[in-house]
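Each of the next two complexes has subunit A plus one more chain, namely subunit B in the first and subunit C in the second.
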Partner chain A sequence: MSTPVRYTLHHPRWYRRPVSVFWWLKKRAYIVFVLRELTSVFVALVSVLTLLQVRAILESPEAHAALMARLASPPVTGLLLVALAALVFHSVSWFNLAPRAMPVRLRGRRVPDVLVSGGNFAAWLFLSAAMAFLFLGTMTTR
Partner chain B sequence: MTRSPTPPLWLLFSAGGTLAAFLFPIHLLLFGFVFPLGWAEPPSYEQLLALVRHPPIRLYLFGFISLPLFHWAHRFRYTLYDGLKLKHLNMLVAVLCYGTAVVLSVVAARTLLDVG
Partner chain C sequence: MADTIALEVTRYRPEEESEPTFQTYEVPLRQDWVVLDALNHVKDHVDGTLSYRWSCRMGVCGSCGMMVNGEPKLTCAEFLTDHAPGPIRVEPLRFFPVVRDLVVDIGDFMSKLKSVKPWLVRKQERAIADGEFRQTPQQLDTYKQFSMCINCMLCYSACPVFGLEPSFVGPAAIALARRYSQDSRDQGSRERLDVLSEKGGMWECTFVGECSEACPKNVDPAGAIQQYKLEGTVHWFKTLLPLGDR
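Let's turn to the complex of A and B:
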């Protein structure tokens, strides 16, 4: 049992216990934390997907149709399903943290966290419904 | 003393995170499942083209693509630091993360600017 003793640079008397790279696997809360941070990978994926879609639409009808066909293939659908779950996790954790990241004050009193989160969830629902209505309702009636 | 670049980067992280939280799930549901898999009649190609060419929508799309990329860059950077303990690669990780976000944002801007 000989873990190499390492000291902090310029502070030779400070000794820090080495921590394993897998420290976050030791507790449920740590795993949830890392998973929450990793939702950002899927956020970036959707940004890239949107960029690809915009480029395909601007290129030609054929390019757009080809991309749509590729998106319908089972492996891609599987990946997007994981992405969708990650995005929902991101939204829920983001709205739950919102009152703590940015406390809202009204007449000198702090608005209860539940109301701030609740307002965010309501706005999320409204925006999602509006987008769905826009694309499913009006656009398809030609 | 040089000023820390953290506050503006955190602001981009926060703006991108908020935008993604509100709009990304429904966007992915529609454009990743509903339309490609034919669960509902998709908008016609002409409608999509008109939409993408519309100036305010081009601005919207730029923010929609770019801000969440900076959200990813910031969050992923610190996940690598803390999760994989890459503090000693500080500069490299930061350049790779923010650099990717910048490059893709430039691609998005150029795509949306020369729409014609």
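Let's turn to the complex of A and C:
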């Protein structure tokens, strides 16, 4: 009999347990989820960087060289390595989830999940190779 | 092996206390007993005031979902020996308002379920004389997995989005919406897409994926929600076309 009873009209006196702001620390799967969400920050960062690189390439070889020199400093290189790890984690986890969002059907039968995620991985590899060719090619032809 | 195991059970008696407490019961540790058997033992022989829901004891009715050692589980499928030497903590389903002891209020879930029209919608009913609706095994296969849902609400307790945003219509309701929208006999997919495109609908989901992990029937609600997101996006692009869908 700790507190006086206060019933609400027409429904019982519920108890709602508040959700802690640290809910995501309570389970490994939740931590992985939050990490996956946080990798989006690095995706945004690298997207902006790529746009800057494209702009510099279109501007002049000197502009591109200046940008590359700025990116070559140890702290930025360290950050880019972290970004690379984050991007790989981001891409792999999303491509692995792709078959669940896209159950592809051909002639009434469901295409095996491995082919759907495999298609995504193949496209990723192709685009990465194309980007590498574009940027590394630009650097060597200078 | 010890012959008893401790059960730490949430007690909440709204007429006596302002927040829940735990009460420990020693129950026989039998090979063939699940957590629900232990609760029934307490109710029948130790403390008749304990309140909880159950019905079928065989993973069909979806009534006995509770948190067992912090995980949403059907207590009729959770063997005591898997948690030996214990103690086993039994709590009401997380993120739902607690009515009493292990009983949560499911009114909110029921109204959300109804909002997605989990039944076959027909623009015009076919006359009985026209015969039955035929369906191929492939057509059945597109929705069968989602039809296995037993409304046990474990997925809601696994979903942090539902915990943080109680207006979220939730995994089971969306999986069941998908079940009907994928059915070749149904004509209500557009109505459901409209409901799920609103605030509290599919876009609340951030694909944590734990709903599908928690599901005792191997339904994939997380997959259903992402499929809806894809459908919603494609529909939106179609509305941009000159003669597109409105």
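Just so it is clear, the second predicted complex is superposed on the first by the 101 of 142 C-alpha atoms of A that agree within 3 Å, B and C clash if a C-alpha of one lies under 4 Å from a C-alpha of the other, contacts with A are read in each partner's own complex, and residues count from 1 in each chain.
Operating definition for what follows: contacts are C-beta pairs under 8 Å (C-beta built on N, C-alpha and C of every residue); 3 or more make two chains touch, one makes a residue touch a chain.
Predicted, not measured: the structure shown is a model, and the values here were computed from it.
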Greater subunit A contact set [subunit C / subunit B]: B
Partner chain in contact with A:Val19 - subunit B first, subunit C second, else both or neither: both
Contacts of A:Ala29 with subunit B and subunit C, given as first, second, both or neither: second
First (subunit B), second (subunit C), both or neither touched by A:Arg110: second
Partner chain in contact with A:Ala101 - subunit B first, subunit C second, else both or neither: both
First (subunit B), second (subunit C), both or neither touched by A:Ser91: first
Touched partner set for A:Glu37, first subunit B, second subunit C, both or neither: both
Partner chain(s) touched by A:Phe121 [first = subunit B, second = subunit C, both, neither]: neither
Which superposed partner A:Arg55 touches (first subunit B, second subunit C, both, neither): first
On subunit A, positions contacted by subunit B and by subunit C: 19, 24, 37, 101
List of subunit C residues in touch with subunit A within their complex: 12, 14-20, 70, 94-95, 97-100, 105, 136, 138-139, 141-142, 160, 163-164, 206-210, 213, 220, 222-223, 226-227, 229-230
Subunit B-facing residues of subunit A, complex: 19, 21, 24, 34, 37-38, 40-41, 43-44, 46-51, 53-55, 57-58, 61, 64-65, 68-69, 71-72, 77, 80, 83-84, 87-88, 90-91, 94-95, 101, 120, 123-124, 127-128, 131-132, 135-136, 139-140, 142
Footprint of subunit A on subunit B - complex, ascending: 14, 16-18, 20-38, 40-45, 47-49, 52, 61, 64-66, 68-69, 71-72, 75-76, 78-79, 82-85, 104, 107-108, 111-112, 115
Complex contact set, residues of subunit A against subunit C: 1-3, 5, 7, 11-17, 19, 23-24, 26-27, 29-30, 33, 37, 97, 100-103, 105, 108-110
